[in-house]
């Protein structure tokens, strides 16, 4: 789909290029980061069925590898018209997914030595949920639920309409799937206490001050898994991790990751 | 599609919410910016056919409006389960597209008073080309070609394989569609000269130092439209505009725009 | 899709019916059972946009209702040609889904008074998973995971290749989603013991003799949820339920449910 | 489609299995019957493009073969994670289609020695019409029309609104496709008589007592093809066949066939 | 689909037209003919949901009507930008389908007074089979089978590989659907004779001289339906009809019908 | 799609042909013309994956070649049942596209020696725009814009609502894409003058008498490209070309091209 939105009825600049010309090329990163999306690039740049025999496309590193400026991550030989047609779509995927992996890796590095794991959220770019979640893993992060269907999360709005934390948990236990754990979003330590009593499996500490998070970790004492969430940045993530929470979820790694710059050059 | 990747086989947290409950809600922006995507939000949050009579959904401002932190941009009344199901997808579109519009607007504001117009590029997030190009217009920018099919752009790789600027232009004039202008990417003033002689309609000054851009503007003297491109940032865009070019294209406004934060609250 | 496989390029028998004739009709069940699928029937039999004013379609009962032979479950007035075109597809859905609900209800009734709940499995008719799972709920049953993506179930083949129950659980805990409970299939009481030690949340007792199930219930003592499975029939389900297990899963309610007979008559 | 409803965003139990493990397996039937669906199983279990060299998948018998309990019908060697992902969908098809073939074969065997052929109907499981009709042929049955588009059948409701058997036949002859035979549903011998006079090519004896069927066979005397229909069971099918009808159509072989049990075991 | 191939990413000429302008328009035919396709035009030109209240679209005649040069066949009031966007697609359908209806009507008129009916063939424009077959009926013709699935036609190549007319008919009778008539293509009177003996229901006289056709009609004597086919033009069709055949099939009415010219004018 | 509208649920005449029979065949043209569509034919007639080893399909000439009656353009060896199933769809494409190429070539030949190039229009058969535009190129013609999205054409209706030629051009220059040339439809020489002053890049002379066209060519004098359009036939095209216009667009080459007859024969 991404290819068709770019190519449409065909590349009108192709006439500048002789029809049967074959070109050798390389894709080079222009900044330090973590690479991700080589498989999609391979799909887009692989020789077609009727290609000449010596055409090829290959990775020069693997998804998840750290790369420095100037690293060649991909090379190949392809019909020049087809290459120029698919180039931008391949680069758009590579640059965006590597951007997500790179940004994730910065958070992961920032909490090194603590037990906290970095999680993504459902705040993803529309249409790219699966790809971005893969990029998060390539950056050393972990995935929270894929969507609304594979994890229960009782949030502030749920609690308000259900009439309280306990009521919300009870309703979900009775009618929800017995194969899923129940996570509850809490904004105060008192709520954490109620959620534990009601049998929550996971508790999300939402936009809580560091000191309260530390209290919550103490109260919880291993009875439930703890996840910190809410506006956590590269500046604040380490102090959050040091409170002792199990997970830290960060929306920015998927909704605001800057692209990792790359270009494709004919040799 | 974006909705189905989030909802899948259904929201398993819905059981916390009474089935027939109706909720009043507002969407509020949490930072200053330019809003974009209200139409998609309306599609996702409009009452279903079998909704209660007093359900509704409405804009509180228009795409392209500047908003400050705390502005309510959307409000409505909807079945609470359906609202919680569609909320995240609506917010993901709003936050991303408003991010693009907001980032574009910063470039547009930076060149105010010059004749330069800000253009987008084909460096878009896969699958969102049309939506992002709309967001660029909401931010006060202009659109370059949509894809490979509706604009001719002869780039460095084309010139290399065609054997020179003139050869590339001639080949395209002969075989390409007569309804499209021909744009040529030049990296030196000498190339600009050759492109003009060969009859280029638009010349892209690619990664050129400011001084050379100024020379190019002088040489061109209105014979062709001039577009500056290549790694232009908020720091450098004004000095580029002051060289007298007609357009400045910026990949970052689509590939690296941070999301504009928003949330949806039950009243 | 179901409609198009029946209608294809149009109903060639329609010529026997005057083009603008409108018919009153009723759908009647021809055996005792539980009704399911009225919503799909309504979709298929609702008047089209350009229908005459007095056309209508309506339920005479609700999904999940018990019905006796001769009950009218649906009635309407519709253009006769359109009715005869959509009739069979509507009946095929109604008869199949009501068959599933009816068969499920028999198992549910058989365990009345025990704490056991009847669960479905992934042994569904290809293409109808969601619809059948809905029919199971209409029959008073509960749904196991929808598919491979929303529930972890470690089966005999997993255990064999992982090198043991504990190894399999550990691998899944480390790499699997933290929002899902872990279910393990056990064939002996010894395995149940190992699964409990390794921290299984749910234990499936697979094809276990009644006596061993009872032992497993004793050993488990509330530390994990217990599910009985494997060739359980209407004859055996009550004795299984009386062992004290929490859930009993039955493949036959989705893969071998006979249709509930119905017909549509013009009045 | 059937695969995607089961796998969704991926098998979360896969982590129990080493990523590159290859497994030898067999599919074994657990009851006597007729096998059907091996082609679909082959599609689902064939080695992927990037599979190891010694992976394979193969039939051990052919669609339509009679098998006894314990027969191995399929074997292969495949990446264990992929195998566990596709296993259930393959088995669901095999078990259902073999169930249809097995049930059909029982009817075919019951009329052996008479000239009657067993036909299916349009009472099929939604979405599986083509596959079920193939299974019927594997069980020794024949196919009635695929849908409304490839066979004319004037039923009781048609006759009522057309104003009689002759009127209905005349209307269809005038306006319907000249390439299709005309079949008419009759519930009395008198109707059979009128249908013959009006030029029916095929006459369906609908829910007729055995004695009347015999009369209809006598009256018809080869002028038209005769098909018996309506609630015919394994108990009654032979006596129907012995009346001398050409075809007997049975809805139950597609709408109520119990699955033929099978399982897949790692060797 | 036809609309999207024309509009793609949007009408770039729309900027010449004020955004909220509403236009009154008429579609006028520019030559004599039979109109067809008004329903598709209505779909394409109907006011959108958010249209102004006084927008409308309506037929001025009906599909199948004969029209003279200058007849207004459609009129409406619509947002001018939307109108200019959908105009060409609507006209392309109307002009093509009316062309088919008009060309068909010429053949139908040419055989007036004989018993021969004009049939179409499977020689249709790819993608438009159903629409063209509808246009044929609007022109007074009749439809042969829709495709390979709803009519049996044994052609020269079948006969060659089957080993003769009788062998081919026997094979199809044994294994083909009992609800379809059998048509056989014959090039000589001797073949007609063999086909009759073998029980053909319909016989196609393929590229036969007029005299032989007359012989075939005599030999057949009502035992089978006769269809003439093969390169029949407006010049020859009447003499073919006068031989006494029942049907004449003409490929040209669908594969070579010239468009009926029309234009859309703003009032 | 074209194949499925023909084949539907399968070829019911296939039973006349032994299942494993392989046939040698040739496609022969039955009239003089230009061939087009061999690639689509190759797709439809290529041996399937599980074909016998000696099956093949190959061109005997190339798209764009002139052929005489009796030329074999394609030959192959294929399973006879599959061949008879795909034959008609392949021939329908070949006959239609070759018809377009042949008709185009007649116009191209008629203007030989002048500088005029033959262009197509948007008056294409719905669904076949791209294929027909390719056929036009095979016939020696050139393509006008593909659709509304890749070329600006200001027509009579635009001018009327914009309030004049200059106003329309100005509006489009300000808001339209800067990469596209602007074409304006003129019906008088005075309009041509105004369009030139307003900066039109291309001027369409719409339904203009020959003498006025000559005047327009004189006035224009190379300042803009000139295109003649409107009801131009094989009889009139040469005199139009001799006025000195650059392009002549002809709707009939796509909307009214008669098919080039061909047939497929078993050898």
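The chains carry the letters A, B, C, D, E and F, assigned in the order they are written, with residues numbered from 1 in each.
Rule of thumb we're sticking to: a contact is a pair of C-beta atoms (placed from the backbone, for glycine too) under 8 Å apart; a residue touches a chain by one contact, two chains touch by 3 or more.
None of the values given here were measured: they were computed from a predicted structure.
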{"item": "Graph separation of subunit C and subunit E (steps between touching chains)", "value": "1"}
{"item": "Required steps from subunit D to subunit E (each step between touching chains, minimum)", "value": "1"}
{"item": "Which listed pair, B-F, C-E or B-C, duplicates the contacts of D-E in over half of its pairs", "value": "B-F"}
{"item": "Rounded Å distance, subunit E centre to subunit F centre (Cα mean)", "value": "22"}
{"item": "Mean-CA-position distance for subunit C and subunit A (Å)", "value": "35"}
{"item": "Euclidean distance of C-alpha centroids - subunit C vs subunit D, Å", "value": "22"}
{"item": "Interface hub residues of subunit F, defined as touching at least two other chains", "value": "8-9, 12, 130, 146-147, 149-152, 177, 180"}
{"item": "Partner subunit D, residues of subunit E touching it in the complex", "value": "142-146, 149-152, 177-181, 183, 202, 225, 247"}
{"item": "Residue ranges of subunit F in contact with subunit C within the complex", "value": "8-9"}
{"item": "Sites on subunit E touched by subunit C in the complex", "value": "130, 146-147, 149-150"}
{"item": "Residues of subunit D touching subunit C in the complex", "value": "1-2, 5-13, 15-18, 21, 23, 80, 84-85, 88-89, 91-93, 95-96, 99, 122-130, 146-155, 157-162, 168-169, 171-172, 174-177, 180, 251-252, 255-256, 258-259, 265-266"}
